[in-house]
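Across the two complexes that follow, chain A remains constant while its partner is chain B and subsequently chain C.
Coming up: the complex of A and B.
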């Protein structure tokens, strides 16, 4: 199979890159191992703001719908339930439907593989009933299944606060939020106060000491600064933060740099979102953990750069558009993340890791 | 428990299907993943770890951690969080590593 642009990952970043490239007449293929387009937006029921100026604030799944609407009628071929598992010597992507593997030859590749959640280790953290906050969100909003009746949440980021509220809305009793630091890590204080108003205790300087249960979590011990308390729960949601998914970049031989503010190891890229593999571009959380508005902008920039390389748009015009989008990125993105991104770009010509495997 | 009426998305569970876990029938809905459908029926233990034989269940729900491996319609080590249910699907817990060697077809 042949295509102008192969986009790996059909989340918000991949979709916005698809809109930019396909609307300029390029032939685009989006591969995603999930059974629907939209990536992690599909289970996000909260209202997202701020979004890039072309979008009104809307809920996550509505944004997914809006993005998918825009590729209708364009030359975009979605390959759903398909996974990229490697690359052939001639640069073709090896794509599997879990039965056969076939090559797809693309002029340019945009990798928008998203982020994975990190675990928080404590004794017996692998027991059923203990899961990431994202998994709990997927259960309730995508699968329409109660994740548990009585829960605690370990960690206090914005994403954790959001998940706590969504769990409560479907009838799960959130018994505590456990944070090892002395204050919440969430930036949005409104959600924190709302949870406090609902009587949910925040235990600071605290952690899970032990988990008990017969084949699944039934009881936990929480180590508070001056005592240990025991709670009966059937769900523990952990918020260990997120990191870019890098598999495809390893396979492509891209180089990496370490940037704490972007989530750890991140492929190196320039301000056009081109990696050091000339034909490979990057977008979304794979290029550094951020929020949905900025992620859309990264997809748009990558899409414009690829359109320029394939001569679907003139360089002068591409430069102008990129400049505007970068400005908007600076406005929408959290300060620390944006400055981490700028620092990361500066290392493009002198990457820390090249031709090495990190794990 | 299935969420019959979602606070934001309303009624979404429209097409019931029957799946079989350890040969027992359970009710699921067409858009659910195998792991989620089992959890709705109170089944959280989806398999055991290969060395210490500890219980394992859904952990990341996005195909990254492999904690949810199960045997689905005769195939071992399938990620049950990424597999959508089908009517009549036969599901067994993951109890050990699969047999990967196979007989060479002799014809």
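Coming up: the complex of A and C.
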């Protein structure tokens, strides 16, 4: 199979890259392991803001719908329930439908593989009923299954605050937010105050000492600064932050740098979102953990750069559009993340990890 | 760090560490091993680690390999458990027409005392019930087996260090000079001096030889290996192409490609390898592959080990070979004898670098 542009990952960044490329007449293939496009947007019921100026603020699943609407009628072939498992010697991607593996030869590849959640380990943390906040969100919003009746949340990021509120909205009693630092890590203080108003205690400088239960979590011990308290819960949601998913970049032989603000190890890329492999571009959380607005912008920039490389748009026009989008990125993205991204770009020619397959 | 040594070994892989350990049995001080990365990060850590004698040709090379395989049980007693298992080796064939070739191989081995049986289809399936029932037969050798390469090298290193051998790792040799009958070895972390210098650089042998103006014709060959999820123990033998490790994972791979030092894996070879594995053991079709990796192997130009003194250079020795895991106990023993006694207990003239002219 042949295609102009192979997009790996059909989440917000992959879809916005698809819109930019396919709308300029390029033939696009999107591969995604899920059964529907949209990625994490599908279980995000919260209103996303700020979004790029072309979008009104809207809920996550509405944005997914809106993005998918825009590729309708364009030459975009979604390969759902498919995964990229490796690459052939001639550079073709090896894609599996879990039965067979077949090659897809693309002129350019955009990798928008997204982020993976990190867990927080404590004694007996593998017990059923203990999951990441993303897993809890997927259960309640996508699968319409209650994740538990009485819960604690470990961590206090924006995502954790969001999930706490969504759990409450479906009737789960959130008994505590446990944070090992001395203050919340969420930037959006509004949600924090709303949770406080609902009487949910925040335990700072605290962590889970142990969990107990017969076949599933029933009770937890929380180590507070000056005492240990015990709560009865059937759900523990943990938020260890997220990190870019890098497997495909590794297989493609891309270089990496380490940027704390972007989530740790991140593939190196230039301001066109081109990696150091000239046929490979990057977009979305894979290029640094961020929020939905900025993620869409990275997908748009990558899509424009690929369109330029494949001569579907003139360079002058591409440069102008990229400049505008970068400006918007600077406005929409959390300052810390944006400055991490700028630092990361500067390291493009001096990556920490390169030529990993050369012994 | 001490800069003066009796002997320096360049390369801490299975060959270099094997030599260093065997040397340390005879003298307790004055051995330094230099490694550009860390032992096991190169060829020695990316192998199926067969200890393999049968179907090596010609028969004198098989004989040499057999002597080394025979040293393994004794080696384990000295350095500790290296998970060496003399499983026996099976090399299946699927065409009846290959039987004659197998008989000829067995006959040539018989002359030098290596016992190889040519098995019928029924005998193969009795030994290895999960083998493809369409198999025509197999050659079988009882001395073949495998070892855990990580344990092997780790145990070599521990035993060598206990005996006083020093290791300097993540330390690349950049220059070698000869003066006043000694060798000055310049590395990233300083210069060292020694009387005896042993080149055990594996895939980098050619590059290291160049530093002394010595041509060591060793090329790189890439081998790709697949690893299955852990499965219940079901394969009894080391099969040419695959084996089951102690933890249940099945290692599969027989590929050889020229790719320089590029250790990437490719789906072309991964699919070929999977097809080979499924042809041998159809049940593997249901197994999940959890990992694929490549190893760059050393391959002397004529395929045979390069061992012994470097002609025209006093106190300079070379040990560069394919099948380093199989041969390491023997090479370690022989190079030690050569340095300490000036001669070896079995002749190694055939393996001299001088054969390349």
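Keep in mind that, in the parts below, the second predicted complex is superposed on the first by the 356 of 359 C-alpha atoms of A that agree within 3 Å, B and C clash if a C-alpha of one lies under 4 Å from a C-alpha of the other, contacts with A are read in each partner's own complex, and residues count from 1 in each chain.
Here is the rule we go by: a contact is a pair of C-beta atoms (placed from the backbone, for glycine too) under 8 Å apart; a residue touches a chain by one contact, two chains touch by 3 or more.
Model, not experiment: these values are computed from the prediction.
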Using the touch definition from the top, say if A:116 reaches chain B (first), chain C (second), both or neither.
-> first
Please indicate which partner A:126 is in contact with in the superposed arrangement: first for chain B, second for chain C, both, or neither.
-> first
Classify the contacts of A:101 with the two partner chains as first (chain B alone), second (chain C alone), both, or neither.
-> second
Between chain B and chain C, more extensive residue contact with chain A | B
Touch check for A:134: first (chain B), second (chain C), both, or neither?
-> first
Give one of first, second, both or neither to describe whether A:86 is in contact with chain B, with chain C, with both, or with none.
-> second
So, does A:240 touch the first partner chain B, the second partner chain C, both, or neither?
-> neither
In the complex formed with chain A, which residues of chain B make contact?
-> 1-4, 6-9, 12-13, 29, 31-33, 36-37, 39-40, 44-46, 49, 54-64, 67, 81-82, 84
Which bits of chain A are touching chain B when the two form their complex?
-> 33-35, 40, 45, 59, 61, 116-117, 119, 126-132, 134-135, 138-147, 169-170, 215-216, 245
Note: in the complex, chain C contacts chain A through residues 41-42, 203, 261-271, 292, 294, 296
Can you list the chain A residues touching chain C in their complex?
-> 85-89, 94, 101, 103, 251, 253, 357-359
